[in-house]
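Here the chain labels run A, B, C, D and E in written order, and each chain numbers its own residues starting at 1.
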Amino acid sequence: MTAGTILSVRDLRKSFDVGGGLLRKSGTLQAVGGVSFDIGPGETLGLVGESGCGKSTVGKLIMKLHHPSDGAIFLRGVNIAGLSRRAMTPMWRKVQTIFQDPYSSLNPRMSAGAIVGEALTIHRIASGAEKTRRVAEIFEKVGLRADQMGRFPHEFSGGQRQRLSIARALIVEPELIVADEPVSALDVSIQASVINLLIRLQKEMGLSMLFISHDMSVVEHVSHRVAVMYLGRIVEIGSRRRIFGDPQHPYTRALLSAVPVADPAARRRERIVLKGDVPSPIDPPPGCHFQTRCPFAQDICRKVLPDLLPTGGGHKVACHVRMPDAVA
Amino acid sequence: MSATKSIEAPNDEPATRPAPVLEVRDLCTEFRTKAGVGRAVDGVSFTLHEGEILAIVGESGSGKSVTSLSIMGLIPDPPGRIAGGSVTYGGRDLTRLDEKALQKLRGNEIAMIFQEPMTSLNPVLSIGRQMTEGIRQHTGMSEAEARKHAVEMMRRVSIPAPEKRLGEYPHQFSGGMLQRIMIAIAMSCSPRVLIADEPTTALDVTIQAQILELMRDLRATTGASIMLITHDMGVVAEMADRVVVMYAGRKVEEGRVEDIFARPRHPYTRGLLAALPVLGTAGEVGGTQLNEIPGVVPALTDLPNGCRFSDRCALSTDKCLAEDPPFADRVGAHSAACWHSDRLAPTMEATS
Amino acid sequence: MKYWGKTALAAALAIAAGGPAIAGDIIWARDGDIDSLDPHRATSTLSRQVWYQIYDSLLEFDDSGAPVPNLAKSWEIAQDGTLVTFVLNEGITCHDGTPFNADDVIWTAERALGEDNPSLTKSSWGDIGEVEKIDDLTVAFHLATPFGAFVPFMADQFTSMLCDSNAAADDFGTGSAIGTGPWKFASWTKGAEVVLEKNPDYVNYGRPIDNPGPPLADRLIMRTMPEAQTRMAGLRTGELQVIVPPIQEVKSLQDDPGVEVYVAQGTGQNMFLQFAVNRPPFDDKRARQAVSHAIDKDLAIKVVYGDIVERQYCPISKGVFGNDPEFCKQYDQDYDPEKAKALLAELGYGPDKPMEVTLATWTGDSRERMLQMLQNQLKKVNIVANIEVMDIGTLNARDTQENNKAEGPGYMDLMGWTWFDPDLLYLLWHSPGAYQGFQTPELDKILEDMRTTVDPDARKEIVHAAFKILLEEAGQVPIYTPGWSWLYAVSADAPGFKIGPFNRALFNAIDH
Amino acid sequence: MQNRLEKAIALAGAAHTPAAGVAPSGWAVLLRRMGRFWRSAMSNRGARVGMVLVTVLVLVAFFAPWIAPYPPDEMGAGMSLLTPEMAYPFGTDEFGRDIFSRVIWGARLTIQVGVIAVGISLTVGTLTGLVAGYAGGWTERILMRLVDVVFSFTETLIALAAVAVLGPSLSNAMIAVGIAAIPFYARVAYSVTLVERNRAYFDAAYVQGAGHLRLIFLHLLPNIIPPLIVVATLGVSSAVLAAAGLSFLGLGAQPPSPEWGAMLSAGRDYFNQAPWIMIYPGVAIMITVLAFNLLGDGIREALDPRQTV
Amino acid sequence: MASFLAQRLFAALLTILVTTVAVSMLIHLVPGDPVQIMYAQSQGTTPEQLEEVRARLGLDQPLMVQYIQYMGRVLQGDLGRTIRGDQPVLELLLARLPNTLILATSALVIACAIGLVCGFVAAYRRGTWLDTLLMTSAILGVSMPHFWLGLILLFYFAVHLQWLPVAGSGAANLVLPAVTLGVTNAAIIARLTRSSMIDVFDQEFIRTAYAKGLPRALVLYRHALRAGLVPIVTMIGLQFTYMMGGAIVVENVFGWNGVGRMAIQAIFQRDYPLIQGFILMFAVVVVLVSVLMDLLYAWLDPRIRNR
């Protein structure tokens, strides 16, 4: 953790009890199994992975919507992992979030202005005319008109709602934004405008961002650094250039080669098509979690869980069979 | 990307084109809602040829799914109905066939798979039952024969231990497996046409790759024609031979996949392509802006006059606002419904 | 699937249980069920009517209401009325085949009078010292003091003779009941029906009916059918032979040639108002008198019952020793709302300050309607009465409770008793009294004298003295007689029904 | 896809009402949105019919002294058991009381039953469900387990038990019916709370730092109220039915109360001679129950068009 | 499935346990002296006797002891004796329970037969005049007080037309009460079935089934009905509970000799041991039925069966 680090996550873990009832406990779902990363000022870390890999849980843990089972979350040097709700309240001025679903993330019974301005009241930042002024200001900033403050969420389109969600997050002037799949529910044509807005605002306000998405293309477009998750663990993390240009983990490679490219000419590229499904996080395979699907798996992979080790240049990978002669 | 063919060159010779299997002509499908009657599909025409993959692409509300359901005769009536047009298959107009005759075709000659494999299979019936019932319906096989055939089909879509899994229920499978099973069901009577409605949208990208590969293999081995409905330009680029682009119930552009991606002739198509971040093409963060299409897809009960895209179109002129552009075959088989198609191509060349 | 099976089974069972009317069965549909067939444990008329069919008493009443021999062929009073000796008829057998003799009488008496589980009407037996067996067929009752009502009480249903073989049963009264009467107990399904079978060995010594031997019909079934209209329908379709008719339908039934309506006369029943006299306002006799003056008893009776009940003037019923309407009328509070208002005004009540009271009675017949009439009339003199209708047991308890409560609104209730003798007054009004209500030292004295006086004329004087106090003080406000279970509608194809004195239903001669 | 279509149409159709300023709370907004909600409910034919009937009922109850030609318990207003005629539109009963007047006055009792019984179950039930759904953990388990236990008894039994303990009277019957229905409201409130709690807007408010009270009363409550309005409206009809049933059995209103169930019960003895004594109160109950059912269905439909009945 | 059932059984036992607590405490909620209310007979009972009764019922003990004693008796099958008639409560209840169960079950069969068919047809013909007609009848049916309907049926068919017998407890006597109870509940079932089936018809697997070329009848029967049955079964279980509750009223109208009628009499007579026994027995029946329904539910729904 360097002095300029905004967020530093260390060995973060979260497990859920699943199934079972009053009489028996049927199992533990290890949603996040020891995740560590840093985000610097003005930096966007893209967190990618397939559904169920735990990337959203990481976001929720950082927002304290879930309580971590173990590990530390340093926000500007303060470990918020163990903070009570009350103690966390002032920290929510430093970290804010944007949700995936533009429909359910806005209270349908509140006006747009009230939704966006609520934090001002809660944190006693502003009230009355000052509050209205500041809400109007942020409205303009996210590309909405101030005269839309009295409208209700259902009167906005999906893209506009996501702008409201952004405005709500930004009104307390946070340093870090956790954006959990902020565009995946939007149509392509709308998605672009929200991505553009996010990038613009990030630059203007000097925000740090954790950008959680399953869409490799979008992550590549917005992130400075990228972390790839598989079954609750980060398997590879590094600069965008390294991850997309020279991925070291077989899973990252497979993921990249699986993304359909919107260019018919790219059809004939070589592809790694993984076999089978992601194993259940309740009962992950021994050794490397990816070994069941890995085309390069060896004996050691079936026994030992690989650590996330640096390979130089801030790039880290968790693989026994590092891929020096990448086929890419 | 680079343009490999000149704009004027004819893309395809009718003589070399395989025979049409399914022809949709001026299809209109309406829905009655509280807000009024909405034409979800309004005068759409296209042809699916022997052995090809035709992608129907568009955003939500474009009418692509309704088109596929109309072909299958699966529009819920009420509130929907086919208000006009024809769907010709094997010399017969499917929109005029009675229920019995349609039943003989469905799942037999024209099969369909859906977006959500989890909800598209009946949760209370075993996989075996759901696989065999269609086979028995169309082939008259005995239960035992049908099961054997089902096992065979499951093997073809790479389901491990198929005999055992026949007795299991949908909740015991993963999404990717279920989609394989859906495909197995669809292919079990060797249909000539497979309609795949967003078959991979609900799936993770690595699973999507598996399914797309499977569909390509099946096309290669069975020679079935595939109508692929999707909103994902990436999937289109990977899979399609030809593409139909839909917007607000209309076909706005049609052509070979290379042409569509290289030289879109409709501003909407162009906008969509430019809005998409393409893997491996990104510069510095914030260095390139994605193209934005302003506004939203219009409601079907409240469409703008003239061109339906006019209110969101950068090229829009008074003519666009006043007159609906006809869908015209301008350049061979690559055509679009736009007054300004010709102004587009050079612009595209310039930016790419 | 499984439901169908179940239902089919159910239907089969149901058919086996019920079915159409069978010749030889008399079905008597009533509005309620018995409590018990143990004469020491139940007091309801619904119960008494049934056990009267099963047990005999030592004596019976003849049509004039006088005691006559029954199980006992003779009785003798000695030692100034303190020794009564009964000689039993020979050859009477209990339903279980054992002979009926002095042991049974003693068993019954000791059971009724013993400490363990005494009869609810123990005090009415008189002050009995010993019951002595002289020989198998002779029993002597030793009384501590002379008791004028003892002999007639031996004709009552509360002194029904139980066979000592009942001692062996642990469900006596509910699952078994052995007597000597014309009908044998067969079964009781609580809430549904009591089934009795003909006692083929029955010999009629005293019952006032023209059939010296066993009943003509095979079975007598008492069925509980609370819905009056369904009883009517059952009677008309021939499913039922005897029903308790709804009062509203008496007229139409009387016009029906297929039905005979019997109205019991001389039932010994009386309906009266009584008050919680131990707290205001009814601790003041003016309040009680005001109530009595305020109600137009004749009108209320007419509206609710028409002409099938009659106005009652005396504290004991018509047909019972001492009843004399002309005498009682002198002390009666006649209908006079103005006078009622004046009395209430004296007590400080008026239009601005109405008197709030509770007016209670027990469920059944048309008593609830009667209360509504009274309520309506009371309202005109600014007495606001809240009606409460409850089960008879609850009402009994409530009355005692109210008399022991020092606080609360005024309380009065429409109560009813049936008795064959003015000795009832002792039970009701001699301190502490059945409800611990109205009592005066003077009245206590009179009632004590009444008990020990055997000479009819002297006894009548004393009874009248009691009447005078009760009526003048409005401790008991008589309203009408009879009050319940006195109507019988009998199908014409089951002739031979008769009502004996004190509302005894006799089925011995019904031919069906 | 029909839904998607409707969503698209709804989206596009949504417009206007640009009121400037920051609305203070969810409550004010709830009230403001009620109007819209109302109009949408009233677009349903059944709901309109129901609303008209309910309005009539309320008016009748309110103006009973002016509408009813006679006091409800005036005996001898007419001859007894008169057939319906001009002066006594519904005939008279055995005391010569005007059935019409009694039915009119009975409306008051019915409204009273509805308001009090539903008031009890709505308040207690909503709070129980809301707190259980919000708090989670052991609070949730204990509260909802209790609710389940009570729920498994059915209303009738609970009402019977309550009356058995408290004694028969209309107010006891109302309380009994109110208590008996609590689990129903609690379950709805609970399940809706769970749904709302799991919506992202709740998380959003949470990470804005909103306190318990703010989360419960500003965010959750306004959002669970609409479905509860449906339940409460339908609840009025079941409360009216249940209370009338108790009165019919003699466990509710006592004479001479013109409560419809009690009137009906008293009238059955006269069914042969004067069926109207029984018919009209029965019709009154049915219309009232029907009115609230129609209204409730209509509102439900307005809330969730898929649940069309 | 085993864990699902274990959980359900646990819940059932808990319900019964809570009921026993409530039931044993019931008597203490009675305003006034319950013993006096219960045991007052015509000529009064002596204070000593009342004390004895109090002791017999254990009312002089601390509440906890009372409950333990009560449970001790209940576990031995002793629910006490009635105040009126001094009969064993359990025997009385068991003697009448079959009647109530027969009534409730027959009514349920009627309700299901009418309700399921009408609901299914209305859902299938959604939006047509037939749907409107059926659903209008249903809402009328739901709004009909069943004691009123019962009386009308009784007076018309039994009293007026004399088509059906009124006395006794035969099969013919079952017709009217079962119909009364069945018809009003049929309306409820019809409404619920309709909305449940509409949900199913909107499911994507129905579309899949049609897309396979299956004939309509097969789709409706095998796919829609089988899937729709799962929620409907739960609902029918609940309906049975309602039927049991409704039976209380209907039994009183028709003089059907079931536990419900006895319960009402017991309430009027303040026969608390009988009331307590009734409530407990009712709870047990309801809980048993719901466990049964859970079993059926688990059997119908493979998601639970194979868990």
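Note that a contact is a pair of C-beta atoms (placed from the backbone, for glycine too) under 8 Å apart; a residue touches a chain by one contact, two chains touch by 3 or more.
Here the structure is a predicted model, which is why all the values come from computation and not from measurement.
Enquirer: Mind listing the chains that sit against subunit A and also against subunit E?
Expert: Correct list: B, D.
Enquirer: With contacts counted as defined, which of the two, B-E or C-D, has more C-beta pairs across the interface?
Expert: B-E
Enquirer: With centres defined as the mean C-alpha position, give me the subunit B-subunit C separation in Å.
Expert: Result: the chain centres lie 90 Å from each other.
Enquirer: Which integer distance in Å separates the CA centroid of subunit B from that of subunit D?
Expert: Their C-alpha centroids are separated by 50 Å.
Enquirer: Cα centroid separation between subunit A and subunit C, in whole Å?
Expert: Their C-alpha centroids are separated by 87 Å.
Enquirer: Measuring centre to centre with CA averages, how many angstrom lie between subunit A and subunit B?
Expert: 32
Enquirer: Multi-chain contacts in subunit D: which residues touch at least two other chains?
Expert: As it turns out, subunit D has residues touching two or more other chains at 10-11, 250, 268, 271-272.
Enquirer: I need the residues of subunit E touching at least two other chains; which ones are they?
Expert: Correct list: 126, 155, 159, 252, 268, 270.
Enquirer: Touching at least two other chains at once: which residues of subunit B meet that condition?
Expert: Residues 60, 69, 79, 296-297 of subunit B each touch two or more of the other chains.
Enquirer: Quick one: in the complex, what on subunit D touches subunit C?
Expert: The contact residues of subunit D facing subunit C are 73, 75, 80, 94-95, 250, 254-256, 266, 268-273.
Enquirer: Quick one: which bits of subunit D touch subunit A in the complex? Just the residue numbers, please.
Expert: 10-11, 14-26, 29-30, 33, 199-201, 203-211, 214, 219, 222-223
Enquirer: In the complex of these two chains, what residues of subunit D are touching subunit E?
Expert: Residues in contact with subunit E: 46, 145-146, 148-149, 152-157, 160-161, 163-168, 237, 241, 244-245, 248-251, 261, 264-265, 268, 271-272, 275, 278, 282, 285-287, 289-290, 293-294, 297, 306-309.
Enquirer: If we count contacts the way the header does, which residues on subunit C are in touch with subunit D in the complex?
Expert: Residue positions touching the partner: 227-229, 232, 246, 248-249, 252, 303-304, 363, 368-369, 371-373, 375-376, 386-389.
Enquirer: Which stretch or stretches of subunit C touch subunit E in the complex?
Expert: Touching subunit E: residues 3-4, 6-7, 10-11, 13-15, 17-20, 27, 29, 33-36, 41-43, 120-123, 171, 173-174, 189-192, 223-227, 229-234, 236-237, 239-240, 363, 390-391, 393-394, 396-398, 400-401, 427, 434-435 of subunit C.
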